[in-house]
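Chains: A, B, C, D and E, in written order; residue numbering restarts at 1 for each.
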Amino acid sequence: MQITPKVREILSWYESDNPGTKTNLARILMEGKLGGTGRMVILPVDQGFEHGPARSFAPNPAAYDPRYHFELAIEAGLNAYAAPLGMIEAGAASFAGAIPTILKVNSSNSLSTTKDQAVTGSVADALRLGCSAIGFTIYPGSEYQFEMMEELREMAEEAKAAGLAVVVWSYPRGPMLDKVGETALDICAYAAHMAALLGAHIIKVKPPTEAISLDAAKKTYEKSPVPEIGTLAGRIRHVVQSCFGGRRLVVFSGGESGTSEAMVEMARGIHAGGGNGSIIGRNTFQRPKEEALRLLSDIIEVYRR
Amino acid sequence: MQITPKVREILSWYESDNPGTKTNLARILMEGKLGGTGRMVILPVDQGFEHGPARSFAPNPAAYDPRYHFELAIEAGLNAYAAPLGMIEAGAASFAGAIPTILKVNSSNSLSTTKDQAVTGSVADALRLGCSAIGFTIYPGSEYQFEMMEELREMAEEAKAAGLAVVVWSYPRGPMLDKVGETALDICAYAAHMAALLGAHIIKVKPPTEAISLDAAKKTYEKSPVPEIGTLAGRIRHVVQSCFGGRRLVVFSGGESGTSEAMVEMARGIHAGGGNGSIIGRNTFQRPKEEALRLLSDIIEVYRR
Amino acid sequence: MQITPKVREILSWYESDNPGTKTNLARILMEGKLGGTGRMVILPVDQGFEHGPARSFAPNPAAYDPRYHFELAIEAGLNAYAAPLGMIEAGAASFAGAIPTILKVNSSNSLSTTKDQAVTGSVADALRLGCSAIGFTIYPGSEYQFEMMEELREMAEEAKAAGLAVVVWSYPRGPMLDKVGETALDICAYAAHMAALLGAHIIKVKPPTEAISLDAAKKTYEKSPVPEIGTLAGRIRHVVQSCFGGRRLVVFSGGESGTSEAMVEMARGIHAGGGNGSIIGRNTFQRPKEEALRLLSDIIEVYRR
Amino acid sequence: MQITPKVREILSWYESDNPGTKTNLARILMEGKLGGTGRMVILPVDQGFEHGPARSFAPNPAAYDPRYHFELAIEAGLNAYAAPLGMIEAGAASFAGAIPTILKVNSSNSLSTTKDQAVTGSVADALRLGCSAIGFTIYPGSEYQFEMMEELREMAEEAKAAGLAVVVWSYPRGPMLDKVGETALDICAYAAHMAALLGAHIIKVKPPTEAISLDAAKKTYEKSPVPEIGTLAGRIRHVVQSCFGGRRLVVFSGGESGTSEAMVEMARGIHAGGGNGSIIGRNTFQRPKEEALRLLSDIIEVYRR
Amino acid sequence: MQITPKVREILSWYESDNPGTKTNLARILMEGKLGGTGRMVILPVDQGFEHGPARSFAPNPAAYDPRYHFELAIEAGLNAYAAPLGMIEAGAASFAGAIPTILKVNSSNSLSTTKDQAVTGSVADALRLGCSAIGFTIYPGSEYQFEMMEELREMAEEAKAAGLAVVVWSYPRGPMLDKVGETALDICAYAAHMAALLGAHIIKVKPPTEAISLDAAKKTYEKSPVPEIGTLAGRIRHVVQSCFGGRRLVVFSGGESGTSEAMVEMARGIHAGGGNGSIIGRNTFQRPKEEALRLLSDIIEVYRR
């Protein structure tokens, strides 16, 4: 398979990584309908862990079966499928080679009162299950943030030595952040930057709002205003810039349920702002499959432009 | 021994597991009077650790002797016997090969003020004692839940590599859960789902009540009501569905002491709802043996239908 | 499953072994049509390694497929199936739980000019493949015998710690032994005894002839003649006696191809002499399946008496 | 990517392997112009080690540059590229993701007087370089055969645990084999069978001649003659049958330099006999690139039928 | 310090190496009077081990003191200094940072009757002593060649992971090679190629003669004659080509004692043939320092052109 110049350029950003990790990044970037474009749409299904099975799958009961998500990702022509251990184990053999998988190696749940996660998978699991990457969530700002970062550090080191890629979900929360702050532009850019600093190959953040949350940062943003901050594209551009001047892959979560048009519109903003794509769970697998495929096709169309 | 089509189908769900783990699952599923049906009755005797010897065995002093429980499980034609290290050590040689055993590798006790457990057995113990599986309790919702999940992760990885099966007791408790919440339908389904995500082969939960506990989940359950939620069968069906659309083995504990008829009735509900069986401790070994055998025989009869 | 008194008695011989090893011995002893009798018929298929595929399977081409041998052993109601790594890997998942397997962990071949074998499997392999035992060949008398015994020692120690049983193929050969010597009664008894001394749980030797090979031993045998040395039963009795006075399991290979009647007659001798059974490869899988099943049924009939 | 039914069937043969290994087998089987057909053409470049640089590359000096071989394999649309450590290191980053690679982890050379090889790569190397498999040569019949098999055993166990595939080059040589014997049909089938027994996923042997070399085997082949032994197809069929009745992938080396037509004709025989493909080094990279691409295209055309 | 385009190009050849190894290669390539040119002169002092102290140092007794060699290398403006453990330990602190060092980690001596070496240093030693590389000798063709290659493999893997460079002394000798053969062009090119295949970053061989030693290679060299084989430059060019088409650093030893003019002339040939430099021990440290500095200056002058 000829790797496209775009993907070769992206791989060149990861110059300290071994060829194994580059190979797995290439696998993700060359897969599916966006293969070769440098853009990605990834299906993450960790909702079951985070919100429980009914809140995740009752809207579309076919999705209770782990095989459903493999099929959805493959049929839609996505770049990768990310899920916790049990979900991957339940389909990794049936769908071996059919789509790159990302083993989500830590997980939280709605019964927790702390802003932490449990490590629920390992690099050895990722290798035996044929995954291309591990996925790890950090909560910058949480009282557990340093423990989480240290766990990430250890697993990322091991993953990189074994030729795997590292995807970091960077979700700010904690005592200094109110609901607005968690998606404020400065905080989102900061969270993405920290993921990059921690050695992430692919960074997942939420699409930022116009808010600037950190008092200490306000002066800076006043002095150097983010161009087109009023548009999603402008804000995305700032987040992308915050990830090593655009030399790390950044994808954006779909967030809470929204209409299909809202999702596509969001993709337009991410695309225009230079983001590398969408990682959309709930908004796809909670729809009937045909509808989800249509939505994903529309989103992919945006990124193919 | 010819493995039945039903059991072969169940084994196919565990497609990422090695033949060793499949062999041990087959051993449990093919044992006893329910052998080959895909249903199971398991005898767990960790009450001594949890509640102390007198509360556990005084009602039937013969049960102080660990050999009693092996005999009970074998005579009743059960699928497996689960207990902590000392209990298994006290009979594993005498009853070698007579019944699959599950080494309960963590334990709590009534003198504890925290919702945690101590790791009290190892995979090496399970191998030297001829066990077919390890059993591990998690308390989703507890302030120790993440540590417990991380211990489970590590032991499950090791157990799977050594060809053992992993049974997870998933018992929700913690600051967000009152007594009602601990057995609420949404919580029970969530706890079972998390066990599946953590890579459990067999999941043990309590039979759920009609309650919906988590505020965040109420809207979902209103919008997508659980069919026949008023019947145990309906609720079991929801829990089973929450375990990968029925592609993981789920068994239900007998709960607090009840009449024999209540136990059999519960089995009827589990059976009708598609649950894979019962795991009953107190309600059997606290009765005189003859009575326990009669009860177990009646329960097995329900599952054989 | 109730373990029979006979099998419990046999297990009592292995008093230094952990319950895991006893469990696996019990699994083998309780399996199939001879389950519980203390007698065994085992199917070994290492002929492909030893003699090449055509010499092994051309007489019955269905036997080229590794699944054939699992099926043959299961349908015939045998106690166990023994084979090298690749053969076990090719069916261990499909036949998980259907029959105890013995991983043959060393192998020779007809292209070798030395009387040695390569270690071709490990205890970790045996565990991940769900085997009940490892099988190891030693060549007492060979110039490599000490290396082989040392390899066995190391693997047996590891196997026993992991709860596996150890089956030793003890085949004398080497500079001091001519063709007659290799199956001479004194040598066969000696080889069996050494296997017992090396800690074997199950010992496999060839049925001995009347010859006495070792000069140093002749005086002893003249002074204390083996009763009924002229009958196979008498000679088997001496081999059994040489294995700790009958307190180790000893099975006898079928040897080169023979008629069905010869095979059954041999089983009669083994049975009468107190041997624990037959381990027959070529003489079964080189026949058409129906014929093999009939032969095995006849042999089993002998041992059931 | 949709895995074809043919490839899914092939993956099902490897039922004891983890999804990682299946994924890597799928990657090889789905790559290039033969992707999905179950047939493969692989480019091996270990000639430099075996015969020295000039004998390998002087006929086509562009081939001195390791990048040449990556390009050749990719442009020709092959399934995989196999080479020793240094060759892979010299291109693994530039061609990351462009073609599955097989790290040849042992190597011999023309200055050796023994029939052995040095271990020159590791599983950790294969992971950091993004390889899909390790490749290992054994010399069945050599006085070092048992050591080589033991090295293979150890590395294969480690590779399988890490989700890699294992390719075995099985080249008989040694005191019992003259030049004719090394490629005799019985020996070739035996060598392939041993590789299968050692747990190889893909077996590489030389195309066999009509000769039967082992005296002990002659009777068998007379009694059960190989059908169409006079044709390459007939002989290939026997080798394929010897690999677990066709349930292991078998590819055939191109052998010494030959004309393009001879190479294509050989592919026709391999195809007709049910072999899984060709692994051709010298006969491709020693030709000018255009000629090599034309030859490979013709060979691929044969296998696509 | 600006890394020159030439050195950046050279570093790009080592695309699978981590930045640590690239950094150490850059340190060597940017050091001294040839810094940045892509050419190197290295001082190796392993003569004491190989030939004994008097044969090594009596001609210039100042050289008994290990500090002498550090000083010589620094004053001469060389690229690196290579020596066994004790020699490095005796000056590594005094000259910390003053010149890149190469820890020679295996050594032979004149009292040995075998063509093997002892491993006398480790990667950990190299790290604690601040070395930039390890140096390892292999004897391709020796009856110990495979053991030596396996030792190198293991140490190189460890060195690369720790960010060190690997320098391989590849000196053919053994039963197939007479005195002429050891420096024959085909053998020298082969030895260099094998070092490259084993993953060496810098390859050290002896300057080759016009001889072609291996019968099997003669036809090739007749058919594809080495251009200008009669000149050292022509022969060097063939060796360089044999190292991945010139994409590995190759340096040439000075060989037995010669006149200064002979040394400079040799450098001219190496330079003209595209070799990366000289590694000269005896011919420098056995001269009085002033003379040695003059010689090294002249050689450096050749490479600066």
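The rule is simple: contacts are C-beta pairs under 8 Å (C-beta built on N, C-alpha and C of every residue); 3 or more make two chains touch, one makes a residue touch a chain.
Values in this document were obtained by computation on a predicted structure and should not be read as measured data.
Novice: If you apply the touch rule, which chains end up adjacent to both subunit A and subunit D?
Specialist: Looking at subunit D and subunit A together, the chains touching each of them are B, E.
Novice: Under the touch criterion given at the top, what is the topological distance in steps from subunit D to subunit E?
Specialist: 1
Novice: Give me the fewest steps it takes to get from subunit B to subunit D if each step has to go to a chain it touches.
Specialist: The least step count works out to 1.
Novice: Please indicate the chain closest to the centre of the assembly, with centres calculated from CA atoms only.
Specialist: Going by the distance between chain centres and the overall C-alpha centre, it is D.
Novice: Counting shared numbers against all numbers at the contact of subunit A and subunit B, is it over half, same, or under half, different?
Specialist: Different, since under half the interface numbering is common to both chains.
Novice: If you average the CA atoms of subunit A and of subunit C, how far apart do the two points sit, in angstrom?
Specialist: Roughly 56 Å separates the two chain centres.
Novice: If you average the Cα atoms of subunit B and of subunit C to get two centres, how far apart are those centres in Å?
Specialist: Centre-to-centre distance between subunit B and subunit C: 39 Å.
Novice: Mind checking the centre-to-centre distance between subunit C and subunit D? Centres are C-alpha means, answer in whole Å.
Specialist: 36
Novice: Could you tell me the distance, in whole angstrom, between the mean C-alpha positions of subunit A and subunit E?
Specialist: Subunit A and subunit E have C-alpha centres separated by 48 Å.
Novice: Where in subunit E do residues touch at least two different other chains?
Specialist: Within subunit E, the residues that touch at least two other chains are 15-16.
Novice: Make each chain a node and each touching pair an edge, then name the shape: line, ring, star, complete, other.
Specialist: Shape of the chain contacts: other, as it matches none of the listed patterns.
Novice: Tell me, which pairs of chains are in touch?
Specialist: Here the touching pairs of chains are A-B, A-D, A-E, B-C, B-D, C-D, D-E.
Novice: What residues of subunit B sit close enough to touch subunit C in their complex?
Specialist: 1-3, 7, 11, 18-27, 29-32, 74, 89, 92-93, 95-99, 124, 127-131, 161-163
Novice: Any idea which subunit B residues touch subunit D in the complex?
Specialist: Against subunit D, the touching part of subunit B is residues 15-16, 18-19, 161.
Novice: In their complex, what parts of subunit E are in touch with subunit D?
Specialist: 13-17, 140-141, 143, 145-147, 149-150, 153, 157, 172, 174-177, 186-187, 189-190, 193-194, 196-200, 214, 216-217, 220-221, 223-224, 226, 238, 241-242, 244-248
Novice: In their shared complex, at which residues does subunit A touch subunit B?
Specialist: 48-49, 51-55, 58-59, 61, 64-66, 68, 84-94, 107, 109-114, 116-122, 124-125, 128-129
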